[in-house]
Structures are given as structure tokens and as C-alpha cells.
Amino acid sequence: MLFMNMTPDMLRLLVWLIPVPPLVAFFVILLFTRGSKLVSDLVSVLAILLTWVIAILVLIAAILTPHLGEEPITSSIVWLPLGESLATSFRMGVLVDPLGAVMLFFVPLTASMIFIYSTGYMASGAYWTEIKGGEGGHGTTHAAHDEHGGEVIDSAGRRLVKFDASAWKARFMAFIALFAGGMLILSVADNLLMLFIGWEIMGLCSYLLIGFWNNRVYANQPNRITPMIAGIKAFMTTRIGDVFMLIGIAWLYSFTGTLNFRDILYNEEALHALAATPAFPNLAWLGGLTVAGAIGLLLIIGTVGKSAQFPLHTWLPDAMEGPTPVSAMIHAATMVSAGVYLLIRMFPLLSAGWVEGGPLTAPMTAMAWIGSFTALFAATIAMAQRDVKKVLAYSTISQLAFMVAALGIGAYIAAAFHLMTHAIFKALLFLGSGSVIHAIEHGEEHAHHHGHHFPIDFDAQDMFNMGGLGKRIPVTAWTFLIGGLALAGFPFVTAGFWSKDEILADAFAHAPVVFYVLAFTAFLTAFYTMRQIGLTFAGEPRTAAAEEASQRDWRMNTPLVILAFFAITAGWIGIPAALNPLGVNPFHDFVAGTLLEHPEALPFDPLPMIVSVFIALTGLAVGWLVYVARPLKAGQPDPLARALGPIYTLLEHKYYFDEAYDFLFVRLFQWFSDKVVYQLMDRGLIDGFLHFVARMTEWIAFRNKDFDTFIVNGAGDEVAQGVGNLGQAFKYVQSGRVQQYLAVAAAGLLMLAGVFIWAFFLR
Amino acid sequence: MQITPVTVTFAIMSIFALGGGLGVVVNRNLVHAALFLVLSLFGIAGLFILLEAPFLAAVQILVYVGAISVLITITIMVTRRIMGIRESVNRQWPVAAVVAVLAFATLGFVIVSQFAGETPVSDVPPESVAQLGAQLVSSQAFLLPFELASVLLLAALIGAIVVARD
Amino acid sequence: MADIFTTIYHWLFNLITGLGASEGLATGIIQFLGAFAIANFALLILVFNIWFERKVIARMQDRIGPNRVGPWGIFQTVADLAKLLSKEIIIPDGADLIPFMFAPVLAVGSVILIWAVVPFAKSAIGTDVSIGALYFVAAGSLGIMAILLAGWSSNNKYALLGAFRAVAMLVSYEVPIILTLLIPVLLTGSMRMNSIVDAQRIWYFFGVPLAAIIFWIGSVAEVGRTPFDLLEAESEIVAGYHIEYSGFAFAMFYAAEWAHGFAICALMATLFFGGWRGPGVDQFPTLGAFYFITKTFLIYFFQTWTRATLPRVRIDQVMNFCWKFLVPLSLLLLILTVVVDKVVALSGAIPAYLSTQSFAAMLPRTIVLLTVNLVVGGAALLWIARAGRVERERRAVQMAAIESGAAQQAGK
Amino acid sequence: MIPLNLYLLVAAALFAMGVYGVLARRNAVAILMSIELMLNAVNLNLVSFWRYRAPDALSGQTFAVFVFAVAAAEAAVGLALIISIYRSRETVVAEDVNMLKW
């Protein structure tokens, strides 16, 4: 075979080439093939498949390499040589070590699936868009489906028309290509800066893609968040994390003089130095936070933003406004994984100074708390969601939190394992949900052609509008079931079970508290998964749309099947040695090489496994009893609501977090800028002063106009004139003359230079 | 420092460079200013030769005199109506003068106090031009910046055409 | 085996040092003398060149040509020179005096500068700088400035128009020139003129004829000789940028143009026709000068021949030809040459591929490159033939339309 | 041999002239020319530091080459902008192009 007789140079070249095809595809589509949807589909899909092939070659070569951890596949070029020798210059390069190999396994796989799926998903559909201005606007709230593209007026008085959701398909393919390129850059990067580049490319793309249907509005729901807003929200929220992360990177660079993973994470003295030096020598109350700790915390903040951990999680559910492939892309394959990948990659730094069984370092403690709390928190919210995608969104947050918590307690390999399996089965679930939505939309079409009338705010994503889809879209149903079971951790078969079990086992061994929390979360997970499956597929259709739902697009079904296959089998490579017919845990032994000193596998302990089996089964069983055994009738409320009462509302409203943030930050700043800046300072002080002066002069003039008009009027004029002149004089600061600005800038620069000279030469 | 051909050349070239520069910034007639610019660039090229960088000297002549100055002169001639402008400096010229003098003072201070009477640490390696060429395209040196520069030039080319065409 | 030039050098050196000058001073004086000699050669040879060209063209046009002054009219140019020198230099109203006077000097200077790197023989070269080829381009680019100044300072719209045309054309044609100049430089691996000549056991013309041709066309355009003499096309822009010049100032432009025309022949000979290389030159280096002059004059004859043959082209045709044909072609040629050369060299299929030691050693490389050139050139010819056909048809349609319109006018 | 600081002083003076020109000239083309002066001063600095401090690593010369590239790009785009401004507003006086104000 090809990779058998591949020279190392060829191999390195291949690694360089991995991110290239999608990026090329992005430019090709945007520059040339924009006009044709078909060609754009072909270009992007071929590109990602090419990447997949390359990645598989590299992956096989990597697996065949003995001691990959010690001698990873790496090559680098000089970024920008400075100073007197080329040796000291900053280098950019690629690196494939066991962890990178894991990324190369699931990222191109899921990405390719999502690309193929998108070609089908983006090919049809329609949504409401608002017409600005103009006259006319006849039509009633229910006239929506009578004449297609017909104009309707919703309860908010906006004039809406249907907009073809596939209009910008080519652009969409280009964006996800760029997205995949960013993720691949991040996966093969050998230093933090390059990783950050990929990271930011993805940040941009998530903004572009979440807000892809940027002219979409929701009929009768003027306050519901629109894709445009959601995109901005996601961008801003992740920005917060990114800024802190960048600070951390800069700090790391200034401390170690390099950002290369190998140079920092695989060299004892660097790590020791990082762990030994206190970050803020003169801040005693920080309790001797080391530099490693401080940098670690900053990086964690970056991850908290990117992987939507508490308290920066709110952008992710709203990111569901994007097209479903985007949700799969962002939530499963790429972006949120990137956050966790960063933590796993930097684990040696985060755990610098930590010995197995010893006290946790500051970053690890933080991760443990954030992780376990977010896991529980998100899982509870997921229980009460109506939107089929929102459930998955919150389950994603919760699952990522699993990984973060696992890292917090030092379960390095378990985290990597769960990252991989979760990416696969969560991608499967999202694509499945997308196919469900598609089916419902088609059903809506047909039903309407058969004379049904739907309210214009009919929501094709609301699970309570579904039901009984199992018979109508069997492929989706079965694959979704597989994915759901994997998510719920159905024992001994699914991938999710083994990875989750490994985390639980580690937690049981190291941190009981974390274990209990995660165990309970696992129970909730199983429950809401079953709830979702039940609401969606079981029972009888609750609406006409569900009645006539159908989805027979091979472009969407093939990826589902393939991913379902991996959702089962991907877990088997990580079966604990004790249960493994091979007698070893291949995944563990492979990934362990990534670390400097290999963590040895835990002695097998049946108790946590029994617990997790029991939990998964009970959770599924409860869900079965509530939602499948007695499926909901149309219009029947969620039985959970009766059970939980007010809590249910609380959960349904996501603990009112958006509202809280809205009040705390948005409103606060609006209030500040309005009341303080505008009203008080602008109106109050400045205008007040002017009015006061003017009125006073007027008053004096009026008083004395009988005698001495001349002087007083003169004075009044003078004062008014003076005020006017003041304004006149000040406005020239903003003269629009570039040279004036330049002069000021130059003067400022000179001042700095003076300070510099004084500081370095004269003092 | 005794009078040697090198010092004499240095003096002449410096006078060219500085005198030309002065002409550029004070001369009222723009075409003459452009001529002074050419003179100044010549001076710089001569200094490059004194610094044993003949390649840069040639490129300096080729790029600056052959291309940029021509471009500037043509622009001056195309925007011919501006020849009517009599006063060549704006109202803030005193500020500018002060800033410039201060800038020179600052730089001069650092230079005089830091680099007084420094002489080369070693000779220029033979075939330095070849080395330069090799470095520009070596992945262990300046390959990336070089490619970026070429992309920048391409972008500027297209941009200039797009902006300047009707 | 000291050749005549080194002999002269040593003789002068001993002479001057004998007079009690320091060695540095002696070298300086000799260098100055050398520069003086080369400059004068470059200018005086014109006297002969002009006569030569007029004679040749006359013969080609079945005339006799200058035949009054001196034997075969050989002193005709001297007479013309005397006339020009004795004429008044008219300075038009509103002329910008300094540039007006500076322009001709710059024009001549830029041409003379070129001769500094032209190797007459292995040891007879003004200065063998390591960047000779680049230097030649840089020096040539000065002429553009001269033209621009002349056109501007004359305060005459035809002059300015002509200057703009000239600059547009010269700047455009520098691109293919530089691109093709790179090819011999790449093949040699050095920009040093002497190394380039040294490496030509087989003339580069036989290896990369297409490059030579493109370089030639570009150079002729740079000089602005027929068929590219529309810069001073008397029939359209009376005389181009030097319309206002008279007397000696004009003579300098005139001299600059002809000297440039001769200089490109010398460069052509150096870069593509093996410069001073020739049989027995290694034993008797002095022979090199003879070979070099001969080659140069043969090429000069060819130049005159083209001038006598080809009609003048329109400015738009000139520009299109450069940007839409020469530039892409030379780019393609450059890339192909580099790639093929590298691939063959690295593949090691041909031993000692890059060696320039002997005729035999250079043969394989020459053949490889020749095939590349022939393929590219053939393709280019086919393409331009097609383009020309299309153009002609378009023209025919236009003319028909015009004539029909005219006919209707006549009908009314 | 000329000491380093002489070259640096020449460069500094040239740079200062450039600063003055950029700040004081009215004509946009003149401003552009002054910018070229500043760029050349930078180049002179780079090359002389290369010659005197690190003749073996050619970074100084390489950066000078990059400055050439940047200067060419800057001149092309700048002049194009000036011409288009001249077309639309009949002026190339920098301070007359002040639409962006209060």
C-alpha cells in the first residue's frame, strides 16, 4: 500500500497538506464557482474527501510508528527570522502525535459526513423574511400557504414573505470549507499561535454560519432571537474567552520564549520553572498562584468561552439558529471540541506540579468545579427543552463539561477518548435531528398541498409537533436511536458507554464528589435522551406535518448510516484491559504516549462500571415509561411539567440566564450610556451650563435694559459669543485633516521617546 | 578621520541624500521636488554601495528612480492644475518643523550616545548576493515573508488599477 | 599569456607610479582613463554607425546614400555633427530651464553608464560588478526619467504627449526585458557579465532562442527604433518628447538614441551570442575584443535591416503586444525553463548536466532547453497567428460598416 | 572606515526631513514623496546595521528588500488614490480633502 513505502519527508509533506484542500475550496468557490450550486458542492465535497484520504494515510502511518509520542511526525519552517541568527527565530510547523492522530481520526471523518449531508440539507427549505418599507401588504395571518411566496402580516405587524433557504448554498459550502480548514490547522498545529489562528478562523466562521440566514425572522415571535443576533452573540461571547486566552499565550511566550508544544510540554525544566515561579510575587492573597497556574486559568477561560462552559455557555443554544449542519459542525466535529482539545493538549501545563494522587493544581481544581457544575446544570436544562436541537445543544454543553471535569481530576486519556466518541455520536444526533426537521418541513409542504392550514408560526423544530416519525423516516429513526443510546451510554455496545465509563471510573478513583455529580448527570442524560427519542419518533403523529413527514435524500441518509457505524464501533478501541479480549486497552496505550510520563491505566474496578450500567439503564427505563410506553397525544402537556412543577418552568427558561445577562450587562450599559453619559453629563452639565449662562445674561439684560442697556447687552453678547467661540474652537479638534492628526500622533510618539530616553539613558 | 576616497564619496553621497531630501520638502515646484527626490535616492544608492550592498544599490535605482519616481512625476504632470498652488506648506508648518527637529534631536541623542565610533565586526562574506537570494526562498529563512510580500505586491497592483481606472 | 589590455594596464601603472604617484592614486587614474576611453568609444563609434546605417538602408532602398563628403561619404556624419553644434539651442517660452537642460545630459549619461559593464574581452571590462545584469537594467531605466523631464519641461503639449507615450511604452517593455534577462542569469547562476560570457561554450542563443528573440524585441522597443519609433513619429506627434530641442541639445538626444541602439547590440552579443568567446580566445585573449566587435556589428546590421524592412506600429498595438503577448510568454518561458532545468538537473538523468566546462558538456542541457523553447515558441506563434486573424476579421467588419455608412451619407 | 553613527545620523536627518514634509506639505504627492524619504531612511538604517553589526546574517538586506516591495506597493496605491481623488474633487491638497470632520 501507499503508506507502507512512504518516506518521512513525504509523510511530513502530507501533514502540511491536510488543511489545504478545504481552504483552497473556500477560495475557489468564493472566487469562481459561486454561481453554480452543483459545482460548489462538488468542489467542497471533493476537497474534504481528499483531506480525509490524506488524513487517513497520515493516521495509519502514525499508528504504525513505534513510540509516536517520543518521535512524533513533525516539521516546521521559520515564521519570520529576526536578529542575528536564524536559529532563534519563531517557527511555525505541524505536529502529529498520538493526540493529534486522534483528532485526525474524527475531525475529517465527521467533517466529510457533514459536508455530504449539507449538500442535501441546504438544497431545499424556506423561511420567513421581513420586507422593509414599501406599500401593499394584503393577506391574513393564515394566508401564508395559500399562494407560495405570498406576503403575510404577522402579529407584530411585520410584512413577511417566504425566502428560499437554499439561495446562498454555494456561499454556505464555502464557509464550512473555511471552517473545516480552520479546524484542521488547529489539529495539526505544533504551536499555540498557529492553534490560535485556526481557533480564530473558526470563531469568524461560526459567526458567519450561525447568522447564515441573516434575513430570517420568526413570525409572531418578534422577541425570539434571530440568526443574525445569535451570530453576533456567539462571536462576542467567545471573544471574551479569546482575549483572556491570548493574554495567556503572550504570557507563556514571554516566559518560555517559545510556543512550541514539544518545547514547553515535553521538557522538564520548562514545566518545573513554570510550576515553581509564583505568578504575582507581590500579591500574597492569591495563595502562591504559580505562573503555570495563572496561564492555565487564562487558557481555561478561553476554553470556557469556546466550549460554552458555565458561565459563558449562553451563546451555544442560540447558535442553534444556524442551519443544522452548522450546529453539527460547531458542536460536534469542530469548534467546541477545539476548546477541550486545547485543554487536553495543554494538560501538562495545567497539571504542572501535580503528582498522581496529590493535591490538584489551581487550573485542575477550576476545571473540576466548572466541569461538574456545568455538566449537571446543562443536563437539567436539557430535560425541559421543546426544541429538538436545543436539547442536543444543552447535552453538548453537559458532555463537554464531562471532559473538562475529567481533565480536572487528571483523567487525561478518558477525556481524549470521550472527546472522540462524543464528536462522532453528537454529529450523528445533530444530523439526525436535522433530517427530522427536514422531514417535518416536507410534511408541512405536503399537508398544505392537501389543503391543511398551518399557523405561520408553526415550528418545525418543536418536538411537540412531531411524534410517530419512526415509521415515516426509518433510517433517521434507527440511526438517531443508535446515537441516542451512545449518548445515554447504553452498556457494552455503544461508544458513549465506554468513554463515559472511563471518566466515571477515574472520578470514582480520584474525586468521589465529582463522581456523584457526573453519575447523576449521566442518569439525567439517559432520561432526556429517551424523552427526545420518545417525543420525536414514538407514538402517533401529533400534527398533520408529522403525519406526512418524509425524507428520502441519500445525501442525508448515507452520512447518518456511516456515523452510526462509528458511533457503535469507535468505543471498542478503548475497552479497559480487564474486559478487553485483546487483554490491553489500545487507545489508552496509544494516547498515553502523548504525555511525558505515561499515566498507567487504573486497576479495573467493577463498582463504577456497575453503577454506570445501572444508571444508564434506569435513566433509559424511566424515559421509556414516561414518553414511549404512554406516548403523548396532540396538545397534551409534557408529563415532566406535572412532575416537576415550577422547577420545570425554571428549567424551560434555562434558569433565566439570558435574561440575567441581558439585565446585568446589556441593560446596565444601556442605562449607563443613556442616563449617565447622555442625560447627566451631556444634557445636564454641558447644556445646563450653557443654558444657565445664557439665561443669566438674558435675565441681567432684562433687569437692566431700562438703564445701561449697552454694557449689559454687550456683556451678554460677549458671554454668549464666548460660549459659541468655545464650541467653535473645540470642534476643530476633529478637523478631518489627516496631517493634524499625524502631527498629534508624532508629538505623542516623541513624548514616548523622551520617556524612553529618560528611562534608559539619563536615569 | 583622514581624507580617503571612501570618506570623500561618503561626504558627497550624504550631501546628495540630505540636500535632495531638503529640496523635496521645501521646494515649491513639484517637478523640481521630484528631481530632488531622485537626487536623494541616488545618494542613498551610493551609500548602499559604500556599505558593500551593491545589489540593494542597483535595486534602489531600478525600483525608486526607474519606477517610483517616474510614477510620482507622471502623477504630478497628470494632476497639472495643482501647479497653481503657490504656498507649498500648510498652516501648521511650524509645528511640523518643531516635531521634525525634536525627532532628529531624539534620534541623534541615542545615536551619538550609543553608537559612537563603531566599526564593522567583520567583513561581508563573498557572494553575499547569492546568499541573499538563497535566503529569500529558503523555508528555513524568509520564504514565508517573501511569499507574503509577493502577494502584497499583487494586491497593490490590482488595487491600484481598480482605484485609478474610471 | 597576458593579453594586450593587461599589458597596457601594467605599462600605465608602472608609468604613473614611476612618476611618483601612490599605488591607490595610480589605480584611480587608470580607472578614470578607462572610463574615459570607454565613454569616448561609445560616443565616437556613433559617427561610424550613423554612416553605416544610412549606407545600408540606402542600399536596401536601392539608393546610393551619402557619397559626397569624403570617400564613400564617410565624413557625412562629421559634417552633420558640425552643423548641429553650430546651431543655436532654442529655449521655448515658459520652459522649465533646469530640467530642460538636464534631460539630454541624463539621456546620454544613462546610455554611457550601460557600457561600464559590457565586457569587450575577458580583461577589458569597465567594472565586473557582481550584479552586472541588474546594473544594466537599472542604468537603462534612467533614460525614462530623461524623456519624462524633456517632455515636461518643454512646455509643449506634443512634447508631453510624446513623453507619456514613450514612458508608457518603455516601462511596459522593461518587464519582458527583465524577465528574459533572467534566463541567461539563471543558466549561469551569476549576474556577473564575465561569468555569463564565460559560461557560453555554446551560445545561449542556441539553448534559449525564444528568450533571445523576446529580449531583442524588448530592447528595440526600449531604444525606440523602427518598428517601435512611434515615440518620435513625425507624422503623428510631430517629433515626440524632443520636439522643442534644437542644436546640440537635440544632438545629445540623437546620440543617446543611437548609442543605446548600439549598446543593446553589444548586450545581445554578450548575453546570448557568447560575447568575446570564439576559437582560440583562451590562448589569445585579445582575439576576444575582435570577436565581440564583430558579433556586435553583425547584430547591428540585423537591427538596421529590420528598420529598413518593418513598418511602424500603432501605440495601442505596441502596448497590447507587450502586455498581452510578450509578458505572458516570457513569464511562461521563464517558469518552464527553470522547472525543466531543475527537474533534469535533480533527476540526475544526465550526468554533469550543469557543467559548462566544454562544448560537449553543455550539449545535453542546450538540447533540453532548445526543445522547451521550440515547443513554447511554436505554441506562441500559432496563438498569435490566430489572434491576428481574429483581429483582421474584426477590422474588416468595422471597415465594411464604415463604408456602408459612408455610402448612405453619399446616397443622401 | 566610516563609523556607524555617521550613517545613522544621515538616516536620522533624512527621516526628520520626511517627517517635516509629511506634516507640512500641502500637496498629497509631496507628502507621498516625503514618505518615500522616510522609507529610505529606514532602509539606510537597516543596511548599515547589517553591515556593522551582523554581516554574516543577511537579515538587514532582506528586510531592506521587503521595504522596497512595501514602498512600491504603497506608491502605486497612494498615487492611484490621489488620482481618483483628483478626478472626483479637483484637488490634491491634503487639507482640502477633509470630508471626515465634526
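By written order: A, B, C and D. Residues from 1 in each chain.
The working rule: a residue touches a chain if its C-beta (ideal position, glycine included) is under 8 Å from a C-beta of that chain, and two chains touch if they have at least 3 such contacts.
What you are looking at is a predicted structure, and each value in this text was computed from that prediction instead of being measured.
Taking the mean of all protein C-alpha atoms as the reference point, the chain centroid lying nearest to it belongs to D. If each chain is reduced to the centroid of its CA atoms, chain A and chain C end up 64 Å from each other.
Chain D has its Cα centroid 33 Å from the Cα centroid of chain C.
Distance from the chain B centre to the chain D centre is 7 Å, each centre being the mean of its Cα atoms. Inter-chain spacing, taken between the CA centroids of chain B and chain C, is 29 Å. Multi-chain contact residues of chain A (touching two or more other chains): 81, 86, 739, 743, 746. Residues of chain B found to touch two or more other chains are 55, 59, 67, 90, 92, 95-96, 99, 103, 141-142, 145.
Those residues of chain C in touch with two or more other chains do not exist in this structure.
All chain pairs in contact, by the document's touch criterion: A-B, A-D, B-C, B-D. Across the complex, chain D meets chain B through its residues 1-10, 12-27, 29-30, 32-34, 36-37, 40, 43-44, 47-48, 50-56, 58, 61-62, 64-66, 68-77, 79-84, 86-87, 90-95. Contacts from chain B toward chain C in the complex involve residues 5, 29, 31-32, 35, 38, 54-55, 58-59, 61-62, 65-67, 69-70, 73-74, 77, 127, 129-130. Interface residues of chain D, counted against chain A in their complex, comprise 19, 22-24, 31, 53-54, 56-57, 59, 94-95, 97-102.
Touching chain D in their complex are the following residues of chain A: 81-86, 731, 734-739, 742-743, 746. By the touch rule above, chain C contacts chain B in their complex via residues 24, 28, 96, 98-99, 102, 129-131, 134-135, 137-139, 141-142, 144-145, 148-149, 152-153, 160, 164, 167, 171, 174, 190-191.
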